[in-house]
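Chain naming follows the written order as A, B, C and D, and within any one chain the residues start at number 1.
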Amino acid sequence: MVTPLLDRDNLDVAGLERLIEHILAGGVHGLFILGTTGEAPSLSYRLRNELIQRVCALVKGRIPVLVGITDTSFVESINISHKAEDAGAQAIVLAPPYYFPAGQSELLEYLDHLTRELPLPLFLYNMPSYTKLVFEPETIRAAAEYPGIVGIKDSSGNMVYFRRLQSLLKDHPDFSLLMGREELLAEVILLGGHGGICGGANLIPELYVELYNAACSKDLQKVEELHKKVMEFNAAVYHVGRYESSLLKGLKCALSCVGICSDFLAEPFHRFRRAEHEVIELYVKELGINPKK
Amino acid sequence: MVTPLLDRDNLDVAGLERLIEHILAGGVHGLFILGTTGEAPSLSYRLRNELIQRVCALVKGRIPVLVGITDTSFVESINISHKAEDAGAQAIVLAPPYYFPAGQSELLEYLDHLTRELPLPLFLYNMPSYTKLVFEPETIRAAAEYPGIVGIKDSSGNMVYFRRLQSLLKDHPDFSLLMGREELLAEVILLGGHGGICGGANLIPELYVELYNAACSKDLQKVEELHKKVMEFNAAVYHVGRYESSLLKGLKCALSCVGICSDFLAEPFHRFRRAEHEVIELYVKELGINPKK
Amino acid sequence: MVTPLLDRDNLDVAGLERLIEHILAGGVHGLFILGTTGEAPSLSYRLRNELIQRVCALVKGRIPVLVGITDTSFVESINISHKAEDAGAQAIVLAPPYYFPAGQSELLEYLDHLTRELPLPLFLYNMPSYTKLVFEPETIRAAAEYPGIVGIKDSSGNMVYFRRLQSLLKDHPDFSLLMGREELLAEVILLGGHGGICGGANLIPELYVELYNAACSKDLQKVEELHKKVMEFNAAVYHVGRYESSLLKGLKCALSCVGICSDFLAEPFHRFRRAEHEVIELYVKELGINPKK
Amino acid sequence: MVTPLLDRDNLDVAGLERLIEHILAGGVHGLFILGTTGEAPSLSYRLRNELIQRVCALVKGRIPVLVGITDTSFVESINISHKAEDAGAQAIVLAPPYYFPAGQSELLEYLDHLTRELPLPLFLYNMPSYTKLVFEPETIRAAAEYPGIVGIKDSSGNMVYFRRLQSLLKDHPDFSLLMGREELLAEVILLGGHGGICGGANLIPELYVELYNAACSKDLQKVEELHKKVMEFNAAVYHVGRYESSLLKGLKCALSCVGICSDFLAEPFHRFRRAEHEVIELYVKELGINPKK
């Protein structure tokens, strides 16, 4: 889930409520907040805590809430995990600490220490283009033995990595293998993966739910048709402008165009300016999204 | 300055006092806390604030204190900068926000926003091996026009970058060009740089002060002799063990061997274990350091 | 196809013949020589030319032969392409020139110049982990308009890249999208890709042919079963030893264990030594491969 | 030395003669051909051989000629080394083979094999931004024991690497440590390095010779003055245009502006077009270079 912001340290509270109801109406099975698309690293701890509380209060247990606790500071990760527990979240999500270049054995020891302190089940999160540290497949395999580590979200886009994980974890059928890139949701579910966390579900959640269902029921024709729609959405909304951040900017811009929430982004980013905004607006209107207000 | 720790969230208060007195006795001209060698990204905000207050109280204005405020969150950087001001620090130091891959124009806008909020003069900090984002020379050149940005600490080791900065900033003689790698202190001062921030000065501060002075007075023979000592120290203490973190581990280990402070490191690192400890201990004894206790 | 070698500049001629017959007996639809798995960059031009002639003579037109012409030198790429044409090859394959950091517009101009000189249809080859230069999706899209460029082999493993290519080239149904990583053959064919180039087909070609056929006929159950076999083979043969080159070493070792060809590798690599060899041997025996001798 | 070209496979023979006489008139102590600035990887082997022969014939033993033999193919490196010996060159220069990701132990074994076959003394060449493989300091230290390896040219710009090399090789005073970045020539000679290989010496060789001499005689004031001139030249000629290749393009453009040789560049590059050409021309005219014609 994106984090609707009025400015760099204030939530768009009305937008947040509209966004949550819009997503839940689409039938998703869970809500992941404070991930990369949620701009977590750019937000103050105060705001992150406020978001956790508001989201859990708004969701009211209708679906599980997963909370990102990735941090360079071990202690701050633990602190957020307790806020998540207190607010009633169901699980937490953690990418490697992304400042110091830790070795794999150090990462494994880090996870060992962490799981001893965590109050909630943990999903690992592989996001090497942003964290630069990778949980190598063998590290994940070893960590899967630690109590409380229940799965991984892989956003690398590297399917060789994902298939290698599946192969190494074939004797751990309960370890959830989730895909963090919506372009790859279809193939992941078709060939043994367990789910996906899709940024586009902020805007058109029902598309991803239908695709997931079609893939689970091995309806290849429907999968192809819906996968094509995902790729069209992707091409239209995520590739405007010249920076790597175009995904995040395009998504918030589109949400703003349909009246769900503000398109403000925290530093180091800024919302799309007029030229890019017009490109997104043109496309989004055709989608015919009508969020309840 | 390293951050003396008893455990991941508690300062080694007695060690901190010994360390500060040891460093100041060596004649350094300033103290930089909460940088990379200070493990800032690994520490909780509570502990960072405590450290700022204790250090400023112990230094009592004898030399300027510079405080690292690098953070992925704009708001948290501002928060720490106010703690630094309140405690009586003289300046702050900032590397690029190190999660999202911001473009150079975005980084410049980020600095523009930031300098409008900062209560103290700002040194930029180039540390690409850890932040992965670089302040490109042209970005630094543009940022040098912003009020409150007074210099840069370059820890890249890339002297072509440093010489390019000098070249671009030749009309800004007041913009301080500081070297963050002690192996390069000598050549920086000899050829127009302004100073250095040297991790080894935690242990043998007088060596770096003498080298700085010799370079300032263009005493090439003395520079060569002292530079050689820096390189011997470097080879002995920073290259034990197999990970990139060997500098930090070796330095804290050496400080512990001579009785200055604890060698505890916050996650994702851990102190040297016996084998590496013995290598460091053997060398450090020969240095004959006797901190006042 | 691997390049069977007696030493760094001599082909294992008998092994080459056995290897080709073994692969063709498996029913493959084409043979790609002088790629990464063929160690092309490590071979002398003399040997590359000899290989092209021998392979085309042995294959005798039974299936198309594709020849790698990747080179940092434009002229040498053209030279090899003419050797390929003379020998009767059907197409050529080219990754970006991998020394100088060319920009995308420079790569496009390079392809423009190249296609004017090439005597055979060209497949582009994306292999960023080795060439470090990427043909960006937009560059491929533009190059698809050049006469003679007929497809791409993507070995990045990055499925977001592959799906983006498909999306950009949806109006070019004749442009072949081939997968260079065998772990991803199944999902590529299931969702609109056109084929695969699989290193493992040197040893067990019929597995990949069957998987391809099952995926073409949308037989999901069979696809899953065969994909699982591919992953088992992969885990057993490609992940022995500690270097990235373990794929190439494991594959040549396995081919040697079953008596197909020598396991010699050209510098900068060397064949597996005893410990790794025994691991591969143990596994390969169970496969029950009996090449005709 | 740049390689003067009429087109992608023909030397500018007249320009080559002018260039060599211009460089030698400047008093340089050696001539390095077929390096990165010489576009070696972009040239055909035929042209490389022609260049070696012509250069050695034109230099006529007045100064040593060093020949780059870097190649992904071991056999081709050996082949060029024999051409160099036959033509009368004095030494050869080799960067790591730059396609396959070899490990350090593999690189060391590669050097072991290579030195057994080489007919001339060998300088190693560190150029990680282009080869992506580094000869790590410990690898260089070990290779320094092999017969025939006499030094290293470091073009990384990473002075921590260079100082570490010096430190590791302090007991090998005969092992030459050469700087490949002209911006760092001054500091290398001042603090114990042995020489420099400077691209700018194609155009203004006497500047670099004077700087080298001033640094050898520890004349700090003169060093500062000449170093400043190097940086001005650098800023004016190497930073035009937007790609990393601006150094090579700017240098060839400047040589063309003063009538020394053609500015043609082999693919994947092209010469500067009008806009950049005019910027370079304006600057170069002020230099007042008059090559003998």
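A few points about this structure:
As a convention for this text, a contact is a pair of C-beta atoms (placed from the backbone, for glycine too) under 8 Å apart; a residue touches a chain by one contact, two chains touch by 3 or more.
The structure presented is a predicted model; accordingly, all values stated were derived computationally and were not measured.
The chains that touch both chain C and chain D are none; no such chain exists. Chain centres here are Cα means. That of chain A falls 35 Å from that of chain B. Mean C-alpha positions place chain A and chain D at a centre distance of 49 Å.
Among all residues of chain D, none touch two or more other chains.
Applying the touch definition to every pair of chains gives A-B, A-C, B-D, C-D. Of all residues in chain C, only 8-9, 41-47, 72-76, 79, 96-103, 106-107, 109-110, 113-114, 129-132, 242-245, 266-270 touch chain D in the complex they form. Against chain C, the residues of chain A that register as touching in their complex are 157-161, 163-164, 166-168, 181, 183-184, 186-187, 190-192, 218, 220, 223-224, 227, 231-232, 234-235.
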